[in-house]
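Shared chain: chain A. Partners: chain B in the first complex, chain C in the second.
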Partner chain A sequence: MVSFILRRILVSILILIAASFLMYMLVAYSSDPLANLRSSSSPNKDRLIADLVSRLQLDVPPPLRWGLWLGGAAKCLIPFANSCDLGSTISNAQVTDILPQALLSTVQLVTLALILAIVFGIMIGIVTALRQYSGLDNTVTFISFFLYSLPAFLVAVLLKEFIAIGFNNFLRDPVVSWFWILLIGIVVGAIWQSLIGGEARRRLIVFAISGAGTAVLIWLMSATGWFEKPGIGPVGMVVLIAAIAIGATALMAGLQNRKALITAGINAVIAIASYFAMQPLFAISSIGTLIILGIVALIVGLVSGYLVGGYDRGQNLRVGAVTAVLSSALILVDRAMQAWPTYLGDVNNRPIATIGSSTPNLGGDVWVTGIDSFTHLALPTVALLLISFASYTRYSRAGLLEVMNQDYIRTARAKGLPERTVVIRHAFRNMLIPLTTLVAFDVGALLGGAIITERVFGIPGMGNLFSSALGPGDINPVMGYFLVIAAMAILFNFLADLAYASLDPRVRVR
Partner chain B sequence: MRIKQRTVRSAVSAVAIAGIAALALAACTTSGNAPQSTAAQGGKVTVAVVNDFTSFNNQTPQANLDTNGQVGYLDGSYGTGFQYIDNNYKIVHDDKFGTFKKVSDNPMTVKYTLNKDDKWSDGQPVTADDMVLAWAIASGHYDDATIDPGTGKVTTGTQYFSIAASTAGIDATAYPTVGDNNTSITLVYSTPYVDWELVNPIAQPAHIVAKKAGLSSAADLTKLLKGLPKGDPAKPVAPNATLLKAAAFVNTGYDVTAFPTDKDLLVASGPFVVSSWTPGQSLTMVRNKYYAGGLKPNVDTIVFRFIGDANAQVTALQNGEVDIINPQASADTLNALKNTGATVLAGDQASYDHLDLTFSQSGVFSDKAVRQAFLKTIPRQQILDSIVTPVNPKAKVLNSQIFLPNQSEYAASVKGNGSSAYDKVDIAGAKALLAGKTPTVTLMYNTKNPNRVDEFQAIQASATQAGFKIVDAGSPDWSKKLGDGTYDAVLFGWISPGAGTSALPQIFGPVGSGGNYNNYGGTGKLAVSTQTMTNPSDVVKAENQIDKQTFTDAYGLPLFQLPGIFGVSTNVTGVKYMGNQNGPFWNFWEWSVKKATK
Partner chain C sequence: MTIDNTPIVADEAVVPEKAPESEGRLILRRFLGNKFAVASIVIVILIIAFSISAIGIGPIPGWWKYGFKALNPQVNAGNPTISLVPQWLGGKGISLGDHPFGQDRIGKDYFAMVMRGIQNSALVMVVLGGIASFVGVVVGAIAGYFRGVIDAILMRITDVFIVIPALVIGSVVGHWVGGLGAPLLAIMLGFFSWMGIARLVRGEFLSLREREFVEAARVAGASDRRIIFKHILPNAIGVVIVSSTLIMATAILLETALSFLGYGIQAPDVSLGGLISSNESAFQTRPWLFWWPGFFIVTLALLVNFVGDGLRDAFDPRHRRFKLRAMREQIPEPAEEAKL
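Up next, the complex of A and B:
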């Protein structure tokens, strides 16, 4: 194992060095940072060219210049010396200063998109696999392939036009027309009946109830001015938290499992109590407060699960933790909604933003800035999500179908296990193994930023750094970008190999 | 029994958890009163710009970029102060900030007097010390460096301040005379300088530069400068350590990658000061409460938002996130902009494309008749219609090598310069001039620029009809090949400075001048002589003459100015089109907001 790791690291370093040479040569020979100056009519043109040549050492031939660059980059490996030298840009900014800023923007943008893509992708993959060749399966397959094939800039433009500008215009007079209420009701009803499945009669009932319920809800929201002053309200909170508790139990343990149900119930009660008790604390909270509260919620969930005990403590712990964390998240969402009217005032009633990741000079408390981040990152996140989640639905659908046809699943069914246990415990886990590779690749690739998405949404991330530096032949930021991307790709490939070995007992690393 | 015990245990742990949580929470909360968003009085204008900000001093070679220049225009470090340039490229004096006038022609003497109320944004007065420093920076007076033209490295001597602008002209001044209770300086030029009116002796605050150089006051810096001799590259002396320190601060100390913790960098003399900057996102400037000059703004805050993508700028305008945009102009962008309901201002940029012919002895264009014949085949109107008209329907073919159409001198110069001979494509005339010859013309252009490719194709099609054989010498490395004699004609662009004549000796100067890639010697002496003219009417006369001479000699043809568009929210008034690098910012003091927004 150790020798495997050492060998991999050694080979990775060699690959990195060779690739950086290739990249440096490609950039150095294909672009000319002096092009603008050469066609200038300035009286001191020669002086300006000489200045840039001397600052960027353009008089040194590229292969040797790569050697100088590599020497500076190698200093990054010295721990704690802070002597990293990746050169400077044409405008005299140190690459080591701008690279972390860009990386942070990218991480902020892609993290949520990646998590949501994985969660939704797997969820939809499972559902479509369980309802194979149904109307739902075909529709979802069609939609996900359609989205997968859309170019990023088109998705971005559509989102901006309809979600941002359209929704903001809607907020000027937030009344939903009858046409839209009916349409949304029908669509939601159709989705539910397809999800629940069964005979025609059952489907019809599901369709009617869910469709009518949704339509009435939207009509109520529209009639009560909910879009201007959104909130869940005490009754809504109680109902939703109860739903979370029951849902978590049903999915993870089954409702007949009394201990799990008690754990979930305890957490739901604590959550409802803290919803009422914590409001004054929320008014003075900072981001640190919220993180601590989140950790406390997790601990409360785990501890309550442990204390309730029963024959399967591990399961109880999970049910407790999931209920506590999801209910806490719901409480936070409710509190953030209370800050919505304030935020609307700050941004002239046009909340959904099309560019950047924050409103300049916003000020305000953690709730307002939180909403601000949400309204800015919503569109780019959705754009990335729509494009990337399709592959996850495909992989997880195919994976689950394959696993479900294995002998051990038949054995599990034969010994009388409920379908929930068969799917979640026996099939789901094995389906996840091949997905680790995909996730590892995607994490590595996503850190490279989404060049087009970042550009159209004005987010100064890694992709933006790369594309804006490549144009004028600004080689040092390009190489800084390359270094991070290449190192991440190699690292995550490596991690994927290790994870595979530890997840699948059939694989050994030597 | 067991159940009871468990309940007790749970209760105990619950209490313990609650206690720990309370402690942790107490240590991690903010004060109860959330800071309110700043209330608006004069309102806020948000402008979309393409590039990020990189430096508070835009006059160094590395920081001479559009956004830095615009921030400098607003904070008074460049382009505003004693004068500014209006949208007709006229120099306008700001007498409220200070007055300057030429007091003598022989030797040329210019006196700058500050308004006594002028203050920097930290409350310190603007004095002659600041003007002396600005002069020292702009003139390169103390430099005695010899620079190797190949590597750009200093071989002997010292180069103190490194600046993007040329020292030509100002380098002929002696150390200025300070007077009027330290509020005026007088510059004496040993040789007259035609663009004296563009010299603005306000740049960085002397008291800050002095502080960074380890001096106690601006007066000490002035004393130091006064005591140092003029640099002579032939006889370099040991560098002055204090001035080196001051220069190092001015050269690179203003370059930033994040909002500076050192507030000294923000100190400015203009109507606005930078108050915050989030790299890659936005930069905010607020009023300088000490500003006493004439460019008093109506609005309280100007926010720059960095949006590289032209379509993203349009949607941001439509969504109310920005008020003014200046995207790269294209027909698509214009259409998208028209659909938003915003005010669209279209016009010409200061940069223009032109066709130049090479005047070498052996070349195909050594014969004037061939040059004229070739120029007669250039379909200028067709090129304009295909490239510019879709964006700016009012655009016209550029008919002067010197002036831009919104300059007052343009009309008269065009009337007399002979450009009318090339108004229309004249294949028959060209054939007559060629008299049966079929010359081969190697035409170079930038293959990466779609406009130039279109121009090339249009010219190729038209010139071939007259019997020319056009060789496609398009190259992405075109700029390296300029002036190397491998082509007979070249298509590329100049950026007209608008005000000022510094480009004249470059482009139309004697063979070998920096921008004279064409071996053209017809206007060399005249172009150089403009630089020392003292009478503005002489300058215009010389410019008209150069303009005419180039057409007479069939030097080449100006083609068109690139189009520019601004989109302006209906909430903002007072924005006017401007073609130079300051773009919509040129009259920021005239902007006002109809409905004050937060």
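Up next, the complex of A and C:
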């Protein structure tokens, strides 16, 4: 095992060096960093050119210059010495200074998109696999093919032009017209009836109830001015938290499992109590407080699950943790919604931003700034989400179908386990093994930034760093960018192999 | 993976009295049985043929009166003049008008520009796909067949190329040769997109070379060349065809994305991605400048993806699908038998 890891690291470093040479040559020979200066009309043009040439060592031929660059980059391997030298940009900024900022805003952008894509992609993949060849399955298959074929820039531009501007215009006079209420009701009803399935009568009932319910809800929201002053309210919180508790139990343990139901109930009661008790604390919270509260919620969920006991403690732990975490997330959303009117006032009633990653000079507490980054990152997140969502749906659908054909699933059914247990505990877990590889690749690739999404939405992330440096032939930032993404790709590739080997006992690393 | 869920009849339709069908005919019949994929390939060819006939190719002129570079006086404020609603439905009748897709801000005919963009997309698609498949097959076949040191070296080279994301290497290559015209861009991009196919082909070769028919050929004295080309490659061709079709779909998206970023096909030549990029700011005033190229990019990529999917189903009859409903329906039967 140790020799495997050492060998992999050695080979990876060699690959990285070779790839950096390839990249350096391509960039160095394809562009002219002096082009801008040559065409300038400034009187001290020659001196500027000479300065730049000596600073970026442009008089050294590219293969040798690559050697110099590599020498500087190699110092990054010395731990804690902080002697990294990746050169400077044309405008004389150190690459080591601008890279961390760009990486930070990329991480901020891609984290939520990745998590949502994984969660929704796997959920929808499972549902379509279980309803194979149904209307729902064919629709989702078509949609995911469509998303595959949709260029990222088209999605980004369309979101910007329609959703952002449309939503902002809608907020000027937030009344939903009858046409939209009906349309949304019909669409939601159609989605629910295909998710629930069954014979025509049952589908029709589901369609009518869910469609009418949604339409009435939207009408109420529109009539009471909910879109200007959103909030869930105490009654809504109690109902929703109870729904989370029951839903988590039903999905993971089954409602007839008393112990799991008790765990979920305890957590729901704690969540409702803390919703009322915590409001003063939230008013003075910082990011750190919220993170601590989230961890406390997780621990409460786990401990309560452990204390309730029963024959399957692991299941209780999971039910408790899921209930506690989802309920706390709901409480946070509710609190953030209370800050929405303040934020609307700050940004002149046009909340959804189309450019940048935060409003400049925006004061306010953690909730207002939180909403601010939400409104800035919502659309780029959706753009990224739509694209990777398609591949997760396809992979998890195919994975579940393959697992469902295995003998151990037949055995599980044969010994009389309920369908939920077969799907969630036998099929779902094994389906996740091949997906770890995909997730690891995706994390590595997304950290490289979404070049196009970042460009359309003007987010100063890694992708923007690359595409804005390549044009003028600014080689050092391009190489710094390359170093980070290539190292990430290799690292996550490696992690994927290790994870696969530890999850699937049939795979051994040599 | 297909939308079309009509059962594939080829397996059952083999009549025992006739001479057995060749593998190729079987696959062809399975593909032709998939109406969705066949329709897709026909539409793709029609779109490309239409774009070539409209504005011509090279020195040969097409039937459309405007070129994609010529400036024309603004007609109808640049609005599209195409009309598809017949007169008996209250429309203006089916006609193209003077500028069917409208005009851009400086008066160029948008129909000619979009047609030129389709031509360039098709060119990049075919050339990139062809070169990537060729290089990938050669590298993968040599690595998989000879194994050992050659394999190790070739695969490490593949790793070097694969470390750089497609869009990044594409931007660098496009920045380098994008100004030299679409054909050169397509060729160069092809030389940087072969890695996936090389890995797949190597995998196929590694498993096929251990099979008995290869052993038999070797015992009979066949040369390496003959074994590779006559015995192994025909068995691995399914993987190659399917993945090169899928590469073609991503090639369309890659080229348009590069042109959108400004690293692809350069003006005065036209790319569908470049059209969207240069008209992004005009979305509120002239939305059609945005819709036509967007529509054709999505259509082409989607249809080529459908073709690739149909080919995959045709080549891989093992896709015997699991049906939950069918299994559930089977459950009551033994119970009833038990009662009897």
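Definition applied: the second predicted complex is superposed on the first by the 510 of 510 C-alpha atoms of A that agree within 3 Å, B and C clash if a C-alpha of one lies under 4 Å from a C-alpha of the other, contacts with A are read in each partner's own complex, and residues count from 1 in each chain.
In this section, a contact is a pair of C-beta atoms (placed from the backbone, for glycine too) under 8 Å apart; a residue touches a chain by one contact, two chains touch by 3 or more.
None of these values were measured; they are calculated from a predicted model.
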| item | value |
| --- | --- |
| Chain B versus chain C as contact partner of A:Ala18, first or second or both or neither | second |
| Touched partner set for A:Ala250, first chain B, second chain C, both or neither | neither |
| First (chain B), second (chain C), both or neither touched by A:Asn92 | first |
| Partner chain(s) touched by A:Thr289 [first = chain B, second = chain C, both, neither] | first |
| Which superposed partner A:Leu503 touches (first chain B, second chain C, both, neither) | neither |
| Touched partner set for A:Leu150, first chain B, second chain C, both or neither | second |
| Chain B versus chain C as contact partner of A:Asn138, first or second or both or neither | second |
| Partner chain(s) touched by A:Arg455 [first = chain B, second = chain C, both, neither] | both |
| Comparison of chain B and chain C by chain A residues contacted | B |
| Chain B versus chain C as contact partner of A:Ile163, first or second or both or neither | neither |
| Overlap of chain C and chain B interfaces on chain A (superposed complexes) | 157, 161, 455 |
| Chain C partner contacts - residues on chain A that touch it in the complex | 11, 14-16, 18-19, 22-23, 26-27, 29-31, 130-133, 138, 141-142, 145-146, 148-154, 157, 161, 394, 398, 401-402, 404-405, 445, 448, 451-452, 455, 466-467, 470-471, 478, 482, 485-486, 489-490 |
| Chain A contact footprint on chain C (complex, rising order) | 1-3, 5, 156, 159-161, 163-165, 167-169, 171-173, 175-177, 249, 253, 256-257, 260-263, 273, 276-277, 280, 283-284, 290, 294, 297-298, 301-302, 305-306, 309, 321-325 |
| Contact footprint of chain A on chain B as seen in their complex | 6, 9-10, 13, 17, 21, 24-25, 28-32, 34-38, 46, 52, 54-55, 60-63, 65, 147-153, 162, 164-168, 252, 255-258, 276, 278-282, 284, 301, 303, 305-309, 311-312, 315-316, 318-321, 477, 479-480, 482, 492-495, 497, 502-503, 505-507, 514-515, 597-598 |
| Chain B partner contacts - residues on chain A that touch it in the complex | 32, 34-35, 38-55, 59, 90-94, 97-98, 101-102, 105, 157, 160-161, 164-165, 168, 281, 283-286, 288-289, 292-293, 296, 299-300, 303-304, 307, 309, 345-348, 350, 352-358, 360-366, 368, 455-460, 464, 468 |
